[in-house]
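In the part that follows, the structures are each spelled out as structure tokens.
You will see chain A twice below: alongside chain B first, and alongside chain C after that.
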Partner chain A sequence: MMVLGGILSGFLRGLVRNRSNLLWMVLLPLVFLLVFIGIPERSFHGTLVGVVDQDHTPVSGAIAQQLARLPDTRVQAVNAGDARHLLQTSQVTVILTLPPGMTQRALAGQPLRLGWDVAPDAGAASGADSSQLALDLRAWLTAGETAVRAATQQHTTAAGGPAAERLQQAFVQGMARAAATGTVLQPITRLTVSGQAQTTDISDAQRAVIGLGLMFIVFTVFGSTGHLLQLFASGSWDRLLASPTPRWLLITSYALCFFIVGWLQYAILYAGARWLIGVAVPLGAMQVLILTLFILAICGLALCVSTLVRSVELHMAAGSFIAVATSMLSGAYWPVDIEPGWMQHLAWFMPQSWALQGFRAAAAGLGFTSAVWLSVGVLAVFALAFFAAGVLRLSVSRTRI
Partner chain B sequence: MIRAALALVWVQLLQMARSRRALFALLGWPVALTAVLSFALGPAFDGQLITSVRVALVNLDTGSTGDVVAQFLRDRSGFTVTAASSQDEALADVAKGSADVAVIIPADTTEQISHGGKASVEVDAPPSKSTMQSVVAGVIQGLGTVLPVLSDVAGKGTAPRGLAEVSFVSQYSGGTALTASTYYAIGMTTLFMLTQAMNRAEAMVRDRRSDRWQRLCAAPLPALWRTVAWFVASYVLLFAQAVALWVASTLLFGAKLGTPGLTLALLAGYAFALTGLAVAVGYGINNPETVDGLSMVGANILAALGGSFYPLYNFPHWLQVLGRILPNGLMLQTWVQTALSPDPSALRLPLCVFAAMGVVCVLLSLGQRAARRNAV
Partner chain C sequence: MVLEARSLSKSYGNKRAVEDVSLTAEPGDALGLLGPNGAGKSTTILMLVGLLEPDEGDVWLDGRSIRQDPRYFRQHIGLVPQRIALYERLTAEENLRFWGRVYGLTGKALAAQVEWCLELAGLTEHRRERVAHFSAGMQRRLNVAVGLVHRPKLLIMDEPTVGIDPQSRGHILDTVRRLNAEGMTVLYTSHYMEEVEYLCRRVAILDHGQVIAYGSIDDVRRLAGALSTVRLTLPEVPEDALAALRQNLTLRNVVADGNTVLFQTQEAGPAIARAVQVLADHGLHPARIDVDEPNLEAAFLHLTGRRLRDGGEEA
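Now for the complex of A and B:
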């Protein structure tokens, strides 16, 4: 017990004394939380519509106004000359071009051709947003056209025909009525796991905090297992092995140190998310179990890698690569279903994707379903396999004095 | 004297070439990250976020609305709709993986709508299909906007053809589109040149503490030449890295990074500014661990603020302005602009900024060196 305490306190003292560790474990995660979650969460992330009005009529003006009244939608008047640049640089979600003569055709009940260009977008589901916007627009135009027909019929029976201004007014009013009605189908999204569905789900911001947390655990655990390489290089490890302390106790003590560092990193992110950006991530018994197994798996992986490389720098480089690349593949940065199929299949081999799925389902109150137990089981296998391989390699490669 | 300085440059380059870690950081790491980002986000950048969705549909509605919803989903391109008899069956299909999303239309849907209310439609999906779920939910919500208009039309009996004939046509196709591979090739090159500059600064600090540096100081080579040699070696490495990444991104990922002349001019300017920064940091800080911390943490923070990881257009305006002030942000934005529409005049300001930054940093480092010498 004294050996364990000695190694643990020495390790933690070294961790705190190294200012570069503090930068890695505290400053960088907090800045990432702020830049990638806190600030975007508080800024506008709806649909930005650029309207190129070449018709310049009350009808075309009313279309832009109706669009601006939609929730999570902003409208910006755009010149035709700037439209391409705004699209190319994703500064707008979609450009709607209202061509000259559009109102005339609409009042005459003729087919309309509107310009519609969707920008490439890395983050939001712009395709879905813009297709819903197109449906809204189609509904309003239909309503406007219907109102014009009704007005035409009414006036034809009364005296002569209505003036163009009157028809335009009828069109605008028809559109406004349709827009005010809104949707009559309210989709309710539910999370489903193992045949059970639940309306409670974690928010995008919570999901992002968990993803970031998993990535930084990999970074930190790799950084701390680099300590072993320093022990190897200085000969301290050989001296420890020559001491009367059992080898298993030495390895267990260091493994415990790395495990504690992993949890410490998650705690820093958890607290930072809660107090700095106001995002509280649920942390129940099942989430604790999932995180524990994940950290154990990463400790095992880092131990394996530390016995394969020769320098701390190389070990850290491998850690950075593994942390960033596997987090990207497993959906820690963005939803995994936007990736191509083959990448989604690769994600099955990443501990992060199982941890994320299990964590999310558990947070939604589906913690004791077979799918969550599957995540727990897979993480346990990862932990066992990596740890066994790491300890074995450590015993074999470092016992020959 | 020039020969001695060149020999110093050659030693630096050889050291770099012999280190596997350095080579990996120089080329392997950026190429691998660009590959992952390009493949993962390629469909999103191309506007094909979700190309196919398998929907298990349970229509319990006793009226006609359920059929309208079912038909509407069937008619959507990329949607494969299979009928399920109950909610349990649909959820089981999702659990088995034979459907991505389950849609359940309740029994009283038509009745609710005909009484002027709103009907709830359940859209269920597993955690790994959240984007598909939001796409399906969006489509159903959009249909809900059209339904009252259609019923109004039917009530008035004025437009038997249904929805207005509106076609949406592309007006601005044909230009160079910003693809994921193009954006991230630029973002990663910008980021890794910055990281490499910080690595060079760290190497300089370590070198200054080494025996070799002491021997060099004793050699008949003016101190200014040592600084010049360091500058040239770092500049050559940074520029070579940039060109190698540019070529690799173009050949491997099909990134369209603009005309060679303008791109090379930009890379040369950015490399000059970063080399100046590396020399200033290398002379200004004595502890290699501090520079290491700066290199890893500082470069990552600058890269995040400069838009290397996530397009700046999605950030608030003030953060976009901050991003443009940073050298890496200025480089990224100018390069993206140049790649999309080559315009030599757009390079004037960034190149002036890079040149000024490089010169100021070198002057600062020379000042620091002189102050240190006087102190001794």
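Now for the complex of A and C:
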């Protein structure tokens, strides 16, 4: 174990003393986080609803609040006079006007008419979002009206008429129930590489952080396995092999070094995302398992490549190519579903796809279910195969004089 | 500590790098392995320490075969590779500690050995400096010291003085000589015959993968007979002048080396007179004449008709 400790401490010392590692492992990932996730996150991409509340009742207030609670939706109170201008300048996607006397009509069982004005140049995406919003809103109002009708009937069979406040309460509760039902029935939109349908509980920002994390793990692991090539070239590897330390222990020790560096890289991105741009990526037992397997797979792959190429530069070039290409193909930058079919099939062979899918399945609260186990299993196979191949290549690779 | 190599052969693809090499190093021995670039010295050494499996032959250390007990070899041999096999980003001390651990040292023994090695390499004052900032000579000295960190009984060095200043070279040679005097067996590879003559009692001369001479330094020297080597420095060495010299049967192994003509001869005096005469016929007058008594260089020249070091190639 002294050997393991010696190799680890020697390797980590070298890592820290290499200034360029500060750039590659810390600065660059943080800049990427800020530029590609942090700033877009601040400029809001969802639907911005301007609400003109001319009714000023608990019911109209509740409608605005409930809208605000929807994902990717923001609500802003707006004056009737400003509404037109805001729409024209696209500062809001849609204006919802709650006219005076609206609540009264609702409680009296009369049909409601609300204002719904969509910005003229709302892009396709936000146009779709706003029509989905309109549907949601309609469902809530219907639920509210139904609740009011039920309350009225109950009370007429009992004594006198119910107080207006009671009916308002009934309306609001009815709406709330409808909204709750809406979240239970989330649309199953995304198909994963395994062809399984999956709810998307992981936000776009989180997915991007994980994607970046996985990509930088590839960069860093390849960068640090370049160390092996230096050992080969300097004759240090020969010297290590000529020592009484068994070969398997040497290989395991170095593999552990690279594994630790991979984790370190993820930790840097995780912390950066959390405290720099406020995106918290879930990190439970499942995610740790997935990352561990992913990093092992990449270490194995990097070991393989290091025995195939001759120079550190070639090794890093291979690493960069693998990092960027696999990230693109596996949905780290954008959802896989927008890629052409053949590309989606390539994703089957990318450890990243499976890691990402595992993250999503785990975050979706699927727990230790088949979707998660499938990802874990495939990653484990990747890790085992690459690692075995890497170690094998390393143990038969000829010493070079 | 008896090292015995029997009929080692090794090919890289079609190229036969080492052919039927047999060597023995007795306890306390200092054996030199001398040969020009590409002679197969490094290949032989890699087979001796078990880094390369011989195609044929076997190596024995204290009666144990390397095929059966490679661990015994690894524990008792100290290897100094031809290249600077160190961690550049670590300091001298960190390197020694690292390699000491790899060789199974711990605790006090490790600390003591690290001190000893720093002293040996003359790097005690520079212990906290990183190897990357060292001069070539300092790196070479540390490279040697690392091979000694576990106090091996047999030290195998592959050209440990390539490309360094005379001072560091002298330091390394003296250190190794002292360790040998204290009982460490040494196998020293070089293409500098002065180094081998200074350090070693016995020598094996390797050329094209084969041992062409093997024995005590004196015996090998005598292989060249009582031949002296004569060096004539000229303004230029035209081919026809060289051909004319070769006509003369008393001048043996006539070769050109830059602006110098070398030949070997039984009796230096008359031979020089004859050579100067021939050169004068070609309008050439030596600026300088040197005569070397019989040595390893002469033996190599005698055996192969070539110089040990080809002019500009050495580092």
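By our rule, the second predicted complex is superposed on the first by the 241 of 401 C-alpha atoms of A that agree within 3 Å, B and C clash if a C-alpha of one lies under 4 Å from a C-alpha of the other, contacts with A are read in each partner's own complex, and residues count from 1 in each chain.
Following the convention adopted for this analysis, a residue touches a chain if its C-beta (ideal position, glycine included) is under 8 Å from a C-beta of that chain, and two chains touch if they have at least 3 such contacts.
Bear in mind the structure is a predicted one, so any value in this text is a computation, not a measurement.
Chemist: Tell me which partner touches more residues of chain A in the superposed arrangement, chain B or chain C.
Modeler: B
Chemist: With the two structures laid over each other on chain A, which partner does A:V3 touch: chain B (first), chain C (second), both, or neither?
Modeler: A:V3 sits against chain C, while chain B stays out of touch.
Chemist: With the two complexes superposed on chain A, say which partner A:A170 touches: chain B (first), chain C (second), both, or neither.
Modeler: Neither partner.
Chemist: Output check: A:I298 vs chain B and chain C. Expected answer is one of first, second, both, neither. What do you get?
Modeler: Neither partner.
Chemist: Touching A:M102, do we find chain B (first), chain C (second), both, or neither?
Modeler: Neither partner.
Chemist: Give one of first, second, both or neither to describe whether A:V221 is in contact with chain B, with chain C, with both, or with none.
Modeler: neither
Chemist: Can A:G14 be said to touch chain B (first), chain C (second), both, or neither?
Modeler: second
Chemist: So which positions on chain A get touched by both chain B and chain C?
Modeler: In chain A, positions 18 sit in both the chain B and chain C interfaces.
Chemist: Residues of chain A touching chain C in their complex?
Modeler: Touch residues, chain A against chain C: 2-3, 5-7, 10, 13-14, 17-18, 233-236, 238-245, 398-399, 401.
Chemist: Considering the complex alone, what residue numbers of chain C touch chain A?
Modeler: Interface residues on chain C, with respect to chain A: 42-43, 46, 49-52, 71, 74-75, 77, 79, 81-90, 94, 97-99, 101-104, 106, 130, 146.
Chemist: Quick check: in the complex, which residue numbers of chain B touch chain A?
Modeler: By the definition above, chain B touches chain A via 20-21, 24-25, 29, 32-33, 36-37, 39-50, 69, 88, 91-92, 94-95, 100, 102, 109, 113, 117-150, 152-153, 156, 158-159, 162-173, 175-180, 183, 289-290, 292-293, 296-297, 300-301, 304-305, 309-311, 313-316, 319, 336-337, 340-341.
Chemist: In their complex, what parts of chain A are in touch with chain B?
Modeler: So the residues of chain A in touch with chain B come to 18-20, 23-24, 27-28, 31-32, 35-36, 39-40, 42-45, 52, 83-85, 87-91, 95, 97, 106, 110-129, 131-132, 134-146, 149-150, 153, 178, 181-197, 311, 313-314, 317, 320-321, 324-325, 328-329, 331, 334-340, 343-344, 353, 356-357, 360-361, 371.
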